[in-house]
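For clarity, chains are labelled A, B, C and D in written order, and residue numbers in each chain start from 1.
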Amino acid sequence: MVPETPSIEQEIDQLCTTARACYARGWVPATSGNFSVREGNRIFITPTGLDKGTLAPADLLAIDLEGRALAGSGRPSAETSLHTVIYRERVHAKAILHVHTIWNTLLSGKFVSTGHVPLHGYELLKGLSGVASHDHTEHVPIIENTQEYAELAEHLRDVLRSNRDAHGVLLSRHGLYTWGESVAEARRHLEALEFLFEVEGRRLFSHQD
Amino acid sequence: MVPETPSIEQEIDQLCTTARACYARGWVPATSGNFSVREGNRIFITPTGLDKGTLAPADLLAIDLEGRALAGSGRPSAETSLHTVIYRERVHAKAILHVHTIWNTLLSGKFVSTGHVPLHGYELLKGLSGVASHDHTEHVPIIENTQEYAELAEHLRDVLRSNRDAHGVLLSRHGLYTWGESVAEARRHLEALEFLFEVEGRRLFSHQD
Amino acid sequence: MVPETPSIEQEIDQLCTTARACYARGWVPATSGNFSVREGNRIFITPTGLDKGTLAPADLLAIDLEGRALAGSGRPSAETSLHTVIYRERVHAKAILHVHTIWNTLLSGKFVSTGHVPLHGYELLKGLSGVASHDHTEHVPIIENTQEYAELAEHLRDVLRSNRDAHGVLLSRHGLYTWGESVAEARRHLEALEFLFEVEGRRLFSHQD
Amino acid sequence: MVPETPSIEQEIDQLCTTARACYARGWVPATSGNFSVREGNRIFITPTGLDKGTLAPADLLAIDLEGRALAGSGRPSAETSLHTVIYRERVHAKAILHVHTIWNTLLSGKFVSTGHVPLHGYELLKGLSGVASHDHTEHVPIIENTQEYAELAEHLRDVLRSNRDAHGVLLSRHGLYTWGESVAEARRHLEALEFLFEVEGRRLFSHQD
């Protein structure tokens, strides 16, 4: 049962389903977050300011890899440039998910000075493509948050180049970017990383150790 | 894709959808909370003692800006006067949401003596209209809770006048009032503030920092 | 809009809806919990060992106030005697809800030696019938858990007699019993008490105070 | 109302319903977890890498008690051998559930050096078959996690033989295996154990006690 490569229409459907599921879990409150898929040089991406709880395929904008509008009537998000950077630096990436969760906000704030969140020893690390053992340390890089998006895009590019194995990048007290070779893989990375952030968060913010 | 101004019927529908969603999240337990929209001098508001999990447009009462009944058969909530104060002091407000959540109860209790909950440095602050950067401090004013509603309405009026930029007001160990120029904007403020209360609550009530 | 007194069929429907909602919230895991309504001397009650996630009216047993079976084919729960004690001691009670939640388990364990959980200063206390102010202290009595149900029924009777104003009773590390003059009132008490247990639990189990 | 023994088709349906419910609760993130039922020498089991949120009967593989494929086109999970060990050592077991939750991950990490999680004094222990009182101590054995599945299967066999009364086994920082004589019983054990892990987790990771 080798699955066929999904069509771009199927991927767009999956992206919208994933976005709505993220909203239901409280991971993209207050119209935050953004989501995209790529086919060749075309990117289909959520516009700014849209409630993700009711996202439908017709809401997406089509842009090119330089972020120029191809189709759709919404306004691109300021964070569109972060998507195009990821697609250029991760040539196999076909889908990008960006979410704001309680635990990624807390951990990216706590670890910003050390530059990454370390995750080690958990079976769920195997939810990340290429990781075959719990005995692996995933360093999730953290970029200091800023409203200067050109600067942010440059930092993200540098971080992606110096962390070839990273499956996601955090913006401090802001959120997570993760990606995959399909929407399904990107979602698997998202679910694995957010599970691990919550486990580590509850452990580190408790009285125990 | 500039959205048209929604009709009052659409806004009432959205208000009921929002109230039911709040119930599902545990934000208006035990028939608590109340919700309203305004069109001109008419306010459509939830009556007292109603389960918000099944709220429908026909349940709403119509009142005027002085709180006098225009239509509908339920009994106005004692907190109706707080809605009319907000509509008079915030002339652009068209919708008001009032919820009781675990984290707004905890934080409004913890900070009542300092008079506000400070929120700083989070990207989600941009979910509040007019806030363009995470590098912003939102002070959410806290009013001491009381059952003297005339007194409470006066305090609320004073707090709204002396905190022109506030996007919401807390009653101590009671709940949050927030508003917007549409139900969608009020809901965005609600989701942003409650996310930030939970993040700050988990950080402050933990062993860390 | 004075609501008519609901029929027993409507109350049974509401009871099943409430039980399924409690299951969805994780409040009656592993077939735990039980629920009943009364009409005159007849009690309709959940049988033992039933998954509450799919509870339907036909699942209920009819018993009398002494706990003798009148109709239905399931086996009465060992806790049926606690329901009959409550109906005898609280003559206006028409519905009883018994749930096992994370926070009622934690608080009933923490406070068992002092004999009650104190709840004070919260607006949500007004979700309890007859409570008109947040400036009220609700003492929720705690009975030491035991598998001797005759003994437990006796303790419960004594506690109900010496705590005339109580809206619920906890069994230590076991769960909450609450009741009302209708299913809707019992559910309001349940939602108010569980909200307050979670708030107090998070406050008391944290590093803060 | 003695329930008839469910058919294998009904059990497979129940297994898929249970798996989807586990996904909805966040207990099998990122395609983790696996689930099986047995009829005689045939085991129907989830293949590797499948999202459990949409699991359907046609997705299951049929294998024998030695783990050899009988039917179905997916690839067996590396953990299939753990299922066959449980079915051989617990001859009455007809269903096995394996989940990764926040609290079983935290507790299996905290207690791995002592070899088990102790659970004592909770009414919910009666959700475990054969346990008739809260005054019972359940020791949930913990096996050190490893990617050597032959070794893991051997350890599991030894732990099952030296803990005849255990209702579940934890793999450290990995997850829980539990089972039952039907899917319903296995699910009851799962819900009871996970409730108790969360209660104990919140108690032990807090500032209290």
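We take it that a residue touches a chain if its C-beta (ideal position, glycine included) is under 8 Å from a C-beta of that chain, and two chains touch if they have at least 3 such contacts.
This structure is a prediction, so every number in the text was calculated from the model and none was measured.
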item: Partner chains shared by chain C and chain D (touch criterion as defined above); value: none
item: Copy pair chain A, chain B: interface residue numbering same or different (half cut); value: different
item: Rotational angle, Cα trace of chain A fitted to chain D, multiple of 5°; value: 90
item: Distance from the mean Cα position of chain B to that of chain A, given in whole angstrom; value: 31
item: Distance between the centres, which are taken as Cα means, of chain D and chain B, whole angstrom; value: 44
item: Sites on chain B at which at least two other chains make contact; value: 206-207
item: Chain D - residues contacting chain C, complex; value: 1, 25, 121-124, 126-127, 132-135, 184, 188-189, 191-192, 194-195, 198-199, 202-203, 206-209
item: Sites on chain A touched by chain B in the complex; value: 26, 29-32, 51, 73-74, 100, 102, 105-106, 109-110, 145, 147, 171, 173-175, 201, 204-207
